[in-house]
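Shared between the two complexes below is subunit A, which pairs with subunit B and subunit C, respectively.
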Partner chain A sequence: MTALDTLTTPAVPRRTSPSRGLVLAMLRLHRSALLFWLGLVVVAAGALLWAMGPGADAAWTEYTDTGCDLSHPNLGCDIPGPANSRYQTAVAVGIGLIRLLPLLTGAWAAGALIGRELENGTAQLAWTQSVGPLRWLAAKLAVPAVLLMAGTLTLTLLHRMLWSSDLAPLGVMSWRAWYDDGTFEINGTIAAAQALAALAIGVLVGLLLRRTLPALGVAVLAVVSLVYVLDEVRPHLWPVKTAVRGLEDGTAGSDSMIVETGALTASGARVPIPSCSGEPGCDARNGITHYYADYHPASHFWPLQLMETGLLLAVAALAAATAFVLLRRRTGAAV
Partner chain B sequence: MTDTAIEAAGLGRRFGRRRAPALDGCAFRLPMGRVCALTGPNGAGKSTLLALAAGLLRPTEGTVTVLGTTPAAARERLAYVAQNKPLYPQLTIAGTLRLGRDLNPRRWDARTAERIVEEGDLDPGTKIRALSGGQRTRVALALALGKRPELLLLDEPMADLDPLARHQLTATLMADAADHGTTVVMSSHVVAELEGSCDHLLLLGSGRVRLAGPLDELLAAHTLVTGRAGDALDPHTVVESRTTGRQLTALVRPAGPLGDGLHGDRPSLEEVVLAHLRAPDAPPLLLDAREAAV
Partner chain C sequence: MTALTAATTPAARPVRHRGGLLRAVARTHRTALVLWLSALAAATAALIWLHSLGDEARDGMSACATPPTDRLPSCAAVEAITADETYANGIAVLATVLSWVMFPVAAWAGGALVGRELESGTARLAWTQSVGPLRWLAVKLAVPAVLLTAGTGTLVLLNRWARGDGDPDLVGDWYYPDAFVSTGPVAVAYALAGLALGALAGLLWRRALPATGVALAAALLVHSVLERHREDLWPAVTRTEAGSLELPRSAFQVAWADTPRHGVTLTRATFHPESHFWPLQSMETGLLLAVTAAATATACLVLNRRLP
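Moving on, here comes the complex of A and B:
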């Protein structure tokens, strides 16, 4: 009875707008998803913070205790000790959760956020209250988007802190490069943009299919394909630099994302590296004068980040706009 | 202000090009303050008509005007309860009513909603998923009436209820509607349950309006005729006639005094509706048309 009594009080109409009520209702309806998201952020942030502090300290102590930082490291230094393993695991948990996020977001948005509501008619229940379908859809997109942004950007900041300290003493015992997929995504704006794109795709798929399970399946497929395609396309989103070396020279910069390598003939034509490469006389037989490498130096980090973020946001905007047009056409709703 | 709750003109809705339209060229006018029974066989388009009036679907042809404006613009002033009584299963009853308050901040009447819940002896802390079908109906109606609608659209509202709860909820609904002058449209294919509570009838068949108008006028326009087999029913419009042995029974719309040997009776609502359902080709009778058909 007490729960109802608290509702009884206002006999005068409240001044709150339906939009505010809609946001409150959204948070209440999807409370378990909200708690799950908070939990995920806390776990990932905890893992990264631990790695940054005690994890890194322990790993570094282990490293110096075994004398690996000295000028004559022993072979055992190639195998990580237990403290280093724990450090690596914590970092992997943080990154892994973030990498899982687009998939989880897409599945949830298509299935629980939209598909289930259309399947069992609760969407129609909401649309016949004082909020129309379009405002309902706007809330369905905006509220999760804000929460996803807040969570992902927090994790991104934490990981950037970890990464900058990682490069200093721990660089020698960690094998991550700036261009590794997970590291690259969490270090910039891509992780957040991926979550937004997954949300919009999930919402659109849910509206199109109107049923929980098919929408969930299709959305997961769509999001996974999008992430995969962008991983593949990533090196081509910004013009590469090319390093050319003679047959006797050393290699080009080590901290670079290598896009393509090959050989050059005297005319400057690009040919594949012959299979006999390395044998005496091989280069001359095949008319090869130089080797080349197309690569992205570390300074291309932000251009690459922003190009990919732009693409993801464009996908998100397109999916969201399509969802609005679709719902508007279906219900004939104004606002 | 308008005195028309719902007005349809040439209203049609198709689901997919190959299928027959769910609604086709419907024209009718429902005045304010009426309690209208919407009936017809399964698949006649009752739910489609209600969803169109509630602004959940867009008509593929024609228009429907609700409370003098478009259904979307009238959203705040109408309430709709769908056939399967959708509610959020994860919310409690109190949470569901709070949802109604949050989503209708300018209209919400908590007392009405709570009273309907209390009349069913429901604990507000119960989760919706733990309710029986009839209890869900009660909560769905509480949510709809709490909005203080000017127009209440109910799709098969009483189907899940036991006779006692049905009686009680109908009484609550009618008292509330009478107090506030709410227009109610209630679909059902159980004709008997409509007769006591409704004063207006809309009978749909195959997506078209078959009968429309005030209940008493519709009943007065029909006569149940008995006579001997072979008697001519000529000047009258015959809705349905049957011969059993030497006995002729027919439902007609009399065009004048009945001929000799024919005995006329006032039909019940059920007899009128059933005769029209059995005779799908009988001409429609629209007593509300006014200028709606334009």
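Moving on, here comes the complex of A and C:
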């Protein structure tokens, strides 16, 4: 083959590196997934852009027209009008697509990217075409990772623009806090890291099970549990601040993620808020001197983001490394 | 082949095809069968446990007084009961699970039940084994349909039983999307629609993974469209009153308008009272069964046309 090549193309200076062919083959093989991903990014970006511009304007006009911004709002202000519904729907579509992304990525990576190729034997065929198993796996991980990063980070930037333009009027109408599930992930680096972790988990599951549909099912379960567990541990990834207030003072800042609240006795011990709280004499009777609240102020946004991103990237790296070790052991391949 | 069969088994055994086909379907999809049965067992156990928590949970929500009177318990005692939170969370999780049965069913039907068999050619092999394609499809749909109807129906009944008197503070108002779907025949209809849509997607795409994706997308579309337009499935009640109108908690509010007229505010509220639960359930179930029937009929037509 190489001899033939040199004969027919004697000294052509064009050097096509084998990686380029591998990347092109991958893009062609998974062209429907590529188109789907482009479509998803376009739809989500379109929804966010529309919400940022005309959607928000129309919703705010409607809100002021019905007099809900005045001092005597009516009961109808509890129900969003049509323009506000459209705004909320657009934001929900944008965020919903991004929240679905880890699940879709995991399912696709386990099923279409790896599982189907091993089940059909097309992977084994590819390994005979001057591409070793480890190079093949590296391409399988790297190309989708780059595309996922590009798309997710674009959407993250768009959502951050929407969020910073989400001024007081829209704050009234959309009732979103920085720590809400969905909003928190897409405002920082977590959304992209989740996609990477899902990709690596999907690839590992596909390599382990070597069959399309079982791999798909197991990967979906694994990704869903990972996202769920991280949602649960999120408040504990960074030390909380504690606000202590006397019995008559107001509450802690309203823009904070409240982690835990309770009461303090004179010795400083933390006890649950007594059920009679608010009645005269109740606090003294129970020996309570202060109330406390453990919370994350808005300034903890980036520390929390980076801790969770780090965890996700560690999971991704671990899964990818395991996949390489597994494939190497199974095929006995050198790099 | 027939001659040979006739020669070796003269007229002795009346062969039971149907049983064989049933067994073959159950054996091919034994993983799905085991998963479905274990999910049913887990959900049943959870619902029985929640029912047993019910009375304590309702005690944890009861009216109280400080200091206690002879009719009302003390608030400290009521507050100390934590069962109400566990109960409310458990019921909410099961309501969500029950109203989402459609999604895994559609993905499985599109991928494993039909798509994979057509992609790998095992369907064509089966059609040579004295089972016609339409019979094959009928059994493929009937067996899961029976299992889904029996399982989901049982869970809906258990769920209604576990919800007790349906205190909206504990189990959610009747018109909450999850609560609405998980307490009536609609839950079964969603599962059946998922099965039919999945099978249709599998027959149209004839490949496991694309069919899985398309079936899931179709199920998501049907689910979200119906959830959005649920309130329009039955004529709502409109009440107009001057001054402040207050609807009962059980009213499923659809629209609200305040118009000042001659110095008085005229309030016009459109809502579904709780008595609309069954009409709404019947309409939605009917719609879903129509979708199921249409998808099944299309699947049969597609299969028929594909055949030589």
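Just so it is clear, the second predicted complex is superposed on the first by the 311 of 335 C-alpha atoms of A that agree within 3 Å, B and C clash if a C-alpha of one lies under 4 Å from a C-alpha of the other, contacts with A are read in each partner's own complex, and residues count from 1 in each chain.
Operating definition for what follows: contacts are C-beta pairs under 8 Å (C-beta built on N, C-alpha and C of every residue); 3 or more make two chains touch, one makes a residue touch a chain.
Just so you know, these numbers come straight off a predicted model, no measurement behind them.
Q: Count the residues of subunit A touched by subunit B and by subunit C, then name the partner with the higher count.
A: Residues of subunit A touched, subunit B against subunit C: more for B.
Q: Of the two partner chains, subunit B (first) and subunit C (second), which one does A:S130 touch, if any: first, second, both, or neither?
A: first
Q: Quick check for you: in the superposed arrangement, does A:G246 touch first (subunit B), second (subunit C), both or neither?
A: Once the two structures are laid over each other on A, A:G246 reaches no partner at all.
Q: Looking at A:T212, would you say it contacts subunit B, subunit C, both, or neither? Reply first, second, both or neither.
A: Touch partner of A:T212: subunit C, not subunit B.
Q: Just checking: does A:A112 make contact with subunit B only, subunit C only, both, or neither of them? Give me first, second, both or neither.
A: The answer is second: A:A112 touches subunit C but not subunit B.
Q: Check whether A:P280 is in contact with subunit B, with subunit C, with both or with neither, and answer first, second, both or neither.
A: neither
Q: List the residues of subunit A that touch subunit B in one complex and subunit C in the other.
A: 32
Q: For a test of understanding, state which residues of subunit A touch subunit B in their complex under the given definition.
A: 1, 3-4, 7-8, 10-11, 13-18, 20-22, 24-25, 28-29, 31-32, 120-122, 124-132, 329-334
Q: Mind listing the subunit A positions that touch subunit C in their complex?
A: Going through subunit A, the ones touching subunit C are 32, 74-76, 78-79, 111-112, 116, 212-214, 216, 274-276, 279.
Q: Where on subunit C does subunit A make contact in their complex?
A: So the residues of subunit C in touch with subunit A come to 31, 66, 75-76, 78-80, 111-112, 116, 208-210, 212, 253, 255-258, 265, 267.
Q: Where on subunit B does subunit A make contact in their complex?
A: Residue positions touching the partner: 51, 54-59, 70-73, 75-76, 78-80, 82, 84, 86-88, 90-92, 94-95, 97-108, 110-111, 114, 117, 124-125, 143, 147.
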